[in-house]
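In what comes next, chain A is part of two complexes: it sits with chain B in the first one and with chain C in the second one.
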Partner chain A sequence: MSLNHRQENGIDVVTLPERLVMANAGDARAQLKDIIQSGSGRVVVNLGETTFMDSSGLAVVVAGLQAARKMDGDLYLAQMSDTIRALFELTRLHTVFQIFDDEAAAVRAFG
Partner chain B sequence: MQRVDIDFNSDPDDMAWHGLIETRLMPLAQAAGLGDLEVFGLQLALVEAVNNIIEHAYALEPGLPIAISGECCADALRYQLRDQGRPMPLPLPSGEPAATDAAGGRGWQIIRAGFPDVHYERREGLNLLTLSRPVPTA
Partner chain C sequence: MSDPQPVSGTAEPQPAEQTCATAPLKVLVIDDAPDVRAYVRALLRKWGFDPVVASNGADGLQRLRGGDIRLVICDWMMDGMSGPEVCAAIRREDFPHYVYVMLLTGRTEDTDLVYGLDAGADDFVGKPFDVQVLRARLQVGVRILGLEERLAEQNRRLKQSHDALDRAYGQIQNDLAAAARIQRELLPVSDAGIAPLSAGWLFLPAAKISGDSFHFFPVSASEMGFYHLDVAGHGIPAALLSTSLSRSLVPQTGILAPNLDSGEYLNPAGFLEALNAQLCSPDGEVTSYATVVYGVLDPHTGEGRLASAGHPQPLLLRADGSVELASKGGLPVGMFDTAEYSAHRFHLAPGERIVTYSDGITDCFDADGRAFDLEHLCDLLRAHRNAGSSALAALLRDAVLAWRGEAELEDDVSLLIIERPAP
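Then we have the complex of A and B:
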C-alpha cells in the first residue's frame, strides 16, 4: 500500500486508502510520518476515498496530528463521509481535528 | 429466527475477513430494521472484536481459527465470536472514552457503543464473546 501524496503551496496533501484498518495501519502510519517529517508540518489528510476505518486507522491520523504539531504545524482532515464522521464523533476525535468539507478549503485554511 | 455462521483464520496482515463480516453478517442487522449508521457501528464493533482476538488472544499469530455466529430474534440481534487463544483478562474494559490525544484504546469504546450487552466466558479452552443489542420492534 502506498499513500497518495502531493504538495500544494508547501502543504502536504495525503489521501488515505479506501480501508484503513489493523492490516494496513502500521504501513500507513510509517508513510504518513515520513511525509510529515520531510515536509513543513502542514498537512491535509483527504478521507474522500475512505469508506471504512477502525481504531487502528484512527491511531494513524492521531499520530499524524501529533507529528505535525511537534513541527509547529497542524493536520487538517477533509472530505469525510457521514460514517467516518460518526466514528470521529463517537470517539470524540472531532474535537481535536479541524475538519473541512473539501480538500481545497482545508488547504486554504493554512493561509 | 435467522442465523448465519462464518469462520476464517487469523491473519494480522489480511483484511479479507472484513468482507465476510460485511456481506454475511451485516444483512442480519439490515433485515432487523437498523439504519445505515447503526449497521456501520455494528460492523465496526465486530471488526474491533476480531482485531482483539488477532492481536491479544492470538498475539498476531496467523492461521488460527476464528468463528462468528450471528442470529436475529424478535427483539435482539446477537453475535457470538469464538476463538482458541489466550483468555481475556477480566473485568472486560468498560469502554470509557480514551483521552483525545491517546494513540490507542478506542476499540472497546467502539464495541460497547455498538453492543450495549457484552458477555464473555471461557469454556473448554474457547473464548466466547457474545455481543447483543435490541432491535426495533414492528
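Then we have the complex of A and C:
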C-alpha cells in the first residue's frame, strides 16, 4: 500500500486508504511519518476515501498530528464521513484536530 | 553402429554421474533374448551405469521391488508379460520414487506406441537400435529423473517447513489458550465483594484473548469502584497491555497495585490522569493507548462519580425504563500527556443500573454489514429491564452472537452492568 501524496504550496496533502485498520495501520503510519518529516510539518489528511477506521487507524492520525506539531506545524483533517466523525466524537479526538469539510479549505487554512 | 568411448577418461557428458556423484545409476534391462541383454549390459557399463538384468517381466518387477532402481529398459515382445504389461504393472506398484521406463520396439513387430504410452511407458527405442540414439534417450531419462528428484527434495523440504510451522502454530494456539485463561482469572468471578450492589457482565474476546477488561471492588468503607478498559487493537499485544493494566488497576492484586490510601481510587479524574501518565511514552509518540471509564458509587446513597477517557458513554438505566447517556469525557489515555480529565456526578435510584461497554458491541456487524449500534443496545436494555443483571448480560451476549451469525467477532465485546439494590 502506498499513500496518495502531493504537495500544494509547501503543504503535504495525504489521502488515507478506504479502510485503515490494524492490518495496514503500521505501514500507513510509517509512510505518513516519512512524508511529514521530509516536508514542512504542515499537513492536510484527506479522509474522503476512508469509510472505516478502527482504533489502530486512529493512532495513525494521532501519530501524524504529533509528528507535525513536533515540527511546529499542524495536521488538519478534511472530508471525513459521518461514520468517521462519530468515531472522532466518541473518542473526543475531534477536540484536538482542526476538521474541515473540504480539502481546499484545509489547505487555505494554513494561509 | 558407432562404438562410443567409455565414460572414464573422456570429456563427454557422463549421464550416470549427473544424478549420483557417489555410485553409478542402476539400470534394469528386461529382455528375454540373452544376446540383447549381454549387449545392452556391456554398453551400459561402458557408459558408466550399473546394469542389472532380468529375463522376463516377473523377475524384473521382483528386482524393482528392491527400491534401488529408477531406470528400466524393457523389451516389448517377450514370453510371459509383454513390455506394456510390465509398464502397467510398474505403474500399479507404489514405489517410493518415479521409475522411468523405455520400451524397445522391434521395427518389424506390430507395436502400437499409443498403447505403450497408455500403459505407462516414458520413451521408445527402435530395435535394432542405434547406439548413439539409445545413449541420448538414456540421457533424457537421467535428466527427467534428476528433475523428479529435485522436485521430491523440494517437496520434502516444503513438508519439513510445513510441519515446523504446524508445530509452531499449535504452540501459539496453546499459549493463546493459556493467556486467555490468565485473562479470565483477572475478570470478576462474583459480585459478592461489592454487595449490596449486584453486577452482570459479558466478555467475548475477538481473537481468543482480548484488549477489553473490567472489574469492580470496594475503594472505601462506603464506596465501590469500577472500571472498563479497551486497549486499542486486539489480539496478543492489546491483551498483554490490557492484562498488565488490569493487574495494576485492581487494588487487591499483588504488591505492584497502587496504594488505596493514595486516594486515586476515590478520585476518578486523578485515576485517569495517573493512567494517562503511565501510558504516554516519554518521546511523545503514541505507542499504545486505551479508552477507559472509571467510576465510584455509594450503594446506600446512589451517589456516584465518573470519569471517561474516549470510552463509549456509560448508560444509565432509569427506573421508568428510559436509558440516559452519562456525561462525555476526555481523550483516550496514552495519546497526549497534556490530556485533562474531569469527574461527573451521577445518581442511581434504588433498582437503577449503570452499564459500561466497549465499542466492540455497537460496532459488531451482521452479515449484511449493519452495525448492532447503540439504539439497538438501548432497545434491548429497555425491553428486558425486569431481568436481573446477570440474566440481562446473558441475554445481550446471545443477541450479539446471533447478530454476528457464523462470522468470527472482529473486535472484543464486553459489557458490565452494575445495579443498585431495589428497596
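Throughout what follows, the second predicted complex is superposed on the first by the 111 of 111 C-alpha atoms of A that agree within 3 Å, B and C clash if a C-alpha of one lies under 4 Å from a C-alpha of the other, contacts with A are read in each partner's own complex, and residues count from 1 in each chain.
Quick note on the criterion: contacts are C-beta pairs under 8 Å (C-beta built on N, C-alpha and C of every residue); 3 or more make two chains touch, one makes a residue touch a chain.
Treat the numbers as computed from the prediction; the structure is a model and nothing was measured.
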Touched chain A residues, chain B compared with chain C: B
Which of chain B and chain C A:23 touches, first, second, both or neither: first
Touched partner set for A:82, first chain B, second chain C, both or neither: first
First (chain B), second (chain C), both or neither touched by A:96: both
Touching partner for A:105 - first (chain B), second (chain C), both, neither: neither
Contacts of A:1 with chain B and chain C, given as first, second, both or neither: neither
Touched partner set for A:58, first chain B, second chain C, both or neither: both
Overlap of the chain B and chain C footprints on chain A, listed as residue numbers: 22, 54-56, 58-59, 62-63, 66, 90-93, 95-96
Residue ranges of chain A touching chain C (in the complex, touch as defined): 22, 54-56, 58-59, 62-63, 66, 70, 90-93, 95-96
Complex interface listing, chain C residues touching chain A: 230, 232-235, 284-286, 289, 291, 310, 312, 328-332, 335-336, 359, 411
Residues of chain A that touch chain B when the two form their complex: 19, 21-24, 52, 54-56, 58-59, 62-63, 66, 82-83, 86-87, 90-93, 95-96
List of chain B residues in touch with chain A within their complex: 11-15, 18, 36-37, 40-41, 43-44, 47-48, 51, 54-55, 97-98, 100-107, 109-110, 113
